[in-house]
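See the structures that follow.
Next come two complexes built around chain A: one with chain B, the other with chain C.
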Partner chain A sequence: MGAAPASRDVTSYGMGLAAPLALFFLVFFVAPLLQLFWLSLHNDTAGLQWGLGQYLHFLTDPFSLGVLGSTLLLGAEVTAVCLVLGFPIAWLYQRVGPRLQTIIILIVLLPLLTSVVVRTFAWIVILGRQGIINATLQWLGVIDTPLKLLYTQFGVVIALAQVQMPLMTLPLITALGRIDPNLDDASCSLGAGSWRTFFRIVLPLSLPGVIAGCTLTYAAAITAFITQSLVGGGQMLFMPMYLYQQASTLQNWPFAAAISIIFLLAVLAVVSVFTTLGRMSRGYGGA
Partner chain B sequence: MRGRRRTLEALSFELVMTVIAVIALVIIIAPSLVVLIVSFTSGFSLRFPPPGYSLRWYAELWNAWQLHFAAKNSLIVALWATGLSVVLGVAAALAISRSRTLSARLLDSLFMSPLVLPALAFGLAALMLFSLIGLPVSPLTLVIGHTVVCVPYVVRNTVAALAQLEPTLLESSAVLGASRLYTFRRIVLPLIRPGIIAGAFIAFMSSFDNVPVSLFLRDAATDMLPIRMWQDLEGKLDVTIAALSGVLIIATVALVAIMERVTGLSRRLTN
Partner chain C sequence: MADAPSGRSLVVDAVTHRYPSGALAVENINLDIKGGEIIALLGPSGCGKTTLLRIIAGFIAQTQGRIIIGDDIVDALPPNKRAVGIVFQNYALFPHLSISENVAYGLAARGIDNVTRQREAQRLLELVQLPTMAERLPRQLSGGQQQRVALARALAIKPSILLLDEPFAALDKNLRLDMQIEVKRLQRVSGITTLIVTHDQEEALSMADRVAVLSHGKLEQFGSPSDVYDRPQTLFVNTFVGSTNRMPGVVVSADRTAAKVRLDAGAEIIARPAGGTLSEGGRVTVCIRPEHLQFVGDETGFAGVIGMSLPLGATVVHEVTTADGSGVKVSQARIGETRALENGAAVRLAPLAPSLANAFPATL
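This part shows the complex of A and B:
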């Protein structure tokens, strides 16, 4: 009632301005995904025979389920590593002067904007048989023969953690910046130690940032096709490569479509679990 | 005694956090440094440390016409995708930024969803649609696909810049008799320009680096730089790729430094 008519409100713009992008998305984003879904509901490659055959095939095939399971596990491992390494960076950021703050941010930011192929290539150089880790260990006399680091789960996790680290650290820095520094002092002066203050005050209050960071890191880690395939090599198969092989090499589009939908649903499920947790934690940490 | 234990306890906490933070920062920065050093090797392998130093692989890069061709394609597609993203994204951001309606929030989620959905699945889906409507893969389909995955960065950064804008500025301008278009050109646009530039920069970088969408939407004649590099790495470990990586790292550092000056990029991404 009291609001001014839309035509006279000079501080906002009409929704019509969103129409071109909305239309663009409808045609080139929503329609393709709907068609993907439609094709996944067909048993034959020509897309004539309706049925749930593709999904049944995936869900009863131990190999396919194994690929899905190892992909979800990989995401969890990478997210955990990023959280453990990223949180102290965000903590350090709040403790140093503005000059060091800019340096830390730029260090964190740089990988985000460097080509993923370049970053992955760097890990091939580091983890290879003649790479920096093996060379150092041999020089120190710890090992005689080079360790196999490339094409292992360990290699994939550490490379992905480095590649996705900015996605975890940036929201954490934002979240920690919003915490009233007096709370820290209050907790300490009331007799709680630093560790206790960290786990009882700082960590709970930064939960929105933790959850935002985990969502982004997880979604990025399980879909990181390039890093997974180059550092993981041929022996390790994750969902994106599985999808690509079925679609491109084998031309089995309905099955590739079903893999895509299952993968999309898995990502959406994880994101919505994190979002729900985030909404709950905001009531807790928003004070 | 108690006080002493307290300081020891505080010290242990600070030490552990600082050590982990420094290790993490080293892990983040080390790979780029290693690649830079290896790219100056005089040898034929990616051995670290290199047996000697030279610029031979950078010279080799000069003659690598396949890489030049792929780089040119990637650059053209990235420029078009960024341009389209800015036009569509800024308009959409203006519409949804100050509106609290349900449709504005739904549109916001829709425009952001390419950021979390697997790009490879979208690439396959777009290929299926294009083949259904009879549009052959070409640089045009590449630009369309790249725009879908890059426009979220423009929308997000423009919305953030608009949120900082004082509504009273717009009201005063209107009270003084300025038309909406004039107010937009003289007040709104100059104030949100750094946000738009930051968004466009990130959109450009992510298009230039995109593999999953390009894999499905390019035609055989359109080689893209990251795909070329990826396929070269799958086959053999070529030192030329190290030199190319060196060029890309230095270019990225330079661009980030410029963007930091122009738009305050680092503050933009942590607020």
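This part shows the complex of A and C:
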């Protein structure tokens, strides 16, 4: 309303400024993607025979479908664990003093400051046969023989959940911080207990953060090649490793390309479900 | 209050609250509020009035003292068990719930069935004159409408006490008056004991049956609006409520009902000893409101020189410089043709009546 010129709407700037980035994406992202797609449309490894054979092969092969299924399931499990563990942390963050807030944010961010390889090896040390967990449990006399933790679905989910936790916690902290603290008091003064307040007020209003966190965690978990392969070991096969084997070990590039495209579409489908949910819940924020 | 069917009494009994840092938020507050009264908690920001409100609501556990609603000591009850309705300064409507869901929220928490809830929500929305807004979201309503919804939501749980935290601060001036009338109407209809926290003295004086003035966590005065305005008990109340001229002076003679004070401005006047007994020869501050000063023709009163005259519509305010160099304001009603007063004109001033000049012992 003032006389000061309002900052210009970003859409009114010339598109020229975006050209370098657009060019970069065109050359290094769009072009390889199209090449990948083109490659996947060949039935033989030499790339002479056109056809949808690779897709047909994947979609009729129970083993391949199993790998896809277990990868998507892995993502769902990691996301669920991150949400269940991350929400209380974010909730706590909004209710403690500034000093504790600094400590919490440091703990949340710490995983991001160490290499994913280092973190994954740490989990191998923790989960191994002679690892910290087994050694402690044996010393306490809870178990006689070591538990198999490494190279199991459980191990992969736990390790991935720790690795991806910041992606869940940070959007949740932001979303919970946007909720007017008076709403808590209002709900309480109207006779609602803590659980009703949580499920009727806090949770619905934090949904944008929940959905953002889930999308990020999910996408990161199912593509986490290093953690999946190192903690999962040889017995657990997920899409990124499957893809790698087909491309690098077996040199079956067309099939690897088809796997990529199918994986990409599957991830896009899940992410777009999240995005749709996010759009529906957007009305909850702000106001 | 004969027309107060549902209003319960509220007693704030020697309530003291210390922050964890040890600083006093409120100190030894005693309020005895009858069922159905409207009380204003008036004070500048930081005087502890919001803390007191939150103690009554149960959000803060006081360090000492008791809160008694009706016949019940409620100190052990959490906020959701106290049946105290609150209207927050920013209304705190639930942004993701429709207007009718907002109003029915407290009823749902009490396990009341859906049909009754809807009917009750509609009844309350009619009470606050928003019957057609039930399906909208809070952000689709104007500020005044949102406040009506906040009121309806608080009233829905049939609270024994209604607390309003700076309820009109966010509204523009015209809307504020409408809402003040509206709140007073609703309070009359429901008969609910109501506590309004405000820093706006006009709001406190116009709306409340009694006004509690707070300063620095202490209760300065608790009385009717006219008591607070005309018979202030402390210098703070006299200066905070309404505007006043502070004129220093020395007590010439004093008894319980009247004191003769020699003003530094150069005249002897009779004043009311407002803050307890005055001792002869003691320094005092005499407070006289601008509308309680008049120009006098004879040699009574004190002399001054007109500095500036501001015609403010119904009144004219004159800035007068007195003999000791301090300035006083004189407010004159515009009756007929007011005598024009030139800048620099010599005038004499005196209070309208001795009871309208309040003498407080000077504090250094």
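Methods note: the second predicted complex is superposed on the first by the 269 of 287 C-alpha atoms of A that agree within 3 Å, B and C clash if a C-alpha of one lies under 4 Å from a C-alpha of the other, contacts with A are read in each partner's own complex, and residues count from 1 in each chain.
Everything that follows uses one rule, which is that a contact is a pair of C-beta atoms (placed from the backbone, for glycine too) under 8 Å apart; a residue touches a chain by one contact, two chains touch by 3 or more.
Small disclaimer: the values here were computed from a predicted structure and weren't measured.
J.: Once chain A of both complexes is superposed, is A:Gly131 in touch with chain B (first), chain C (second), both, or neither?
T.: The first partner, chain B, only.
J.: State whether A:Ile201 touches chain B only (first), chain C only (second), both chains, or neither.
T.: So A:Ile201 only meets chain C here.
J.: Pick one for A:Leu264: touches chain B only (first), chain C only (second), both, or neither.
T.: A:Leu264 sits against chain B, while chain C stays out of touch.
J.: Classify the contacts of A:Ser187 with the two partner chains as first (chain B alone), second (chain C alone), both, or neither.
T.: So A:Ser187 only meets chain C here.
J.: Does the superposition put A:Leu160 against chain B (first), chain C (second), both, or neither?
T.: A:Leu160 sits against neither chain B nor chain C.
J.: Look at A:Leu41 in the shared chain and tell me whether it touches chain B only, chain C only, both, or neither; answer first, second, both or neither.
T.: neither
J.: Go through the superposed model and pick first if A:Val67 touches only chain B, second if only chain C, both, or neither.
T.: neither
J.: Touch test for A:Val231: chain B only (first), chain C only (second), both, or neither?
T.: Touch status of A:Val231: no partner.
J.: According to the contact criterion defined above, which of chain B and chain C contacts more residues of chain A?
T.: The partner making contact with more of chain A's residues is B.
J.: Which chain A residues are contacted by chain C in one complex and by chain B in the other?
T.: 188, 193
J.: Which residues, counting only chain B, touch chain A once they are in their complex?
T.: Touching chain A from chain B are residues 6, 9-10, 12-14, 17-18, 20-25, 27-32, 34-35, 38, 45-49, 87-89, 91-92, 94-96, 98-99, 101, 103-104, 107, 110-111, 113-114, 116-122, 124-126, 128-129, 132, 144-145, 147-148, 151, 155, 167, 170-171, 173-174, 180, 183, 202, 205, 208-209, 211-212, 215-216, 226, 229-230, 233-234, 237, 241-242, 245, 248-249, 252-253, 255-256, 260, 265-266, 269-271.
J.: Going by the contact rule at the top, pick out the chain C residues touching chain A in the complex.
T.: 57, 59, 78-86, 88, 90, 92-96, 105-106, 109-110, 137-139, 153-154, 156-157
J.: Applying the document's contact rule, which stretches of chain A touch chain C when the two form their complex?
T.: Residues 180, 182-183, 185-193, 196, 200-201, 204-205, 283-287 of chain A touch chain C in their complex.
J.: What part of chain A is in contact with chain B in the complex they form?
T.: 10-18, 20-22, 24-25, 28-33, 35-36, 39, 84-86, 88-89, 91-92, 102, 104-111, 113-126, 128, 130-132, 135, 158, 161-162, 165-166, 170, 173-174, 177, 188, 193-195, 198, 215-216, 219, 222-223, 225-226, 229-230, 239-240, 243-244, 247-248, 253, 256-257, 260-261, 263-264, 267-268, 271
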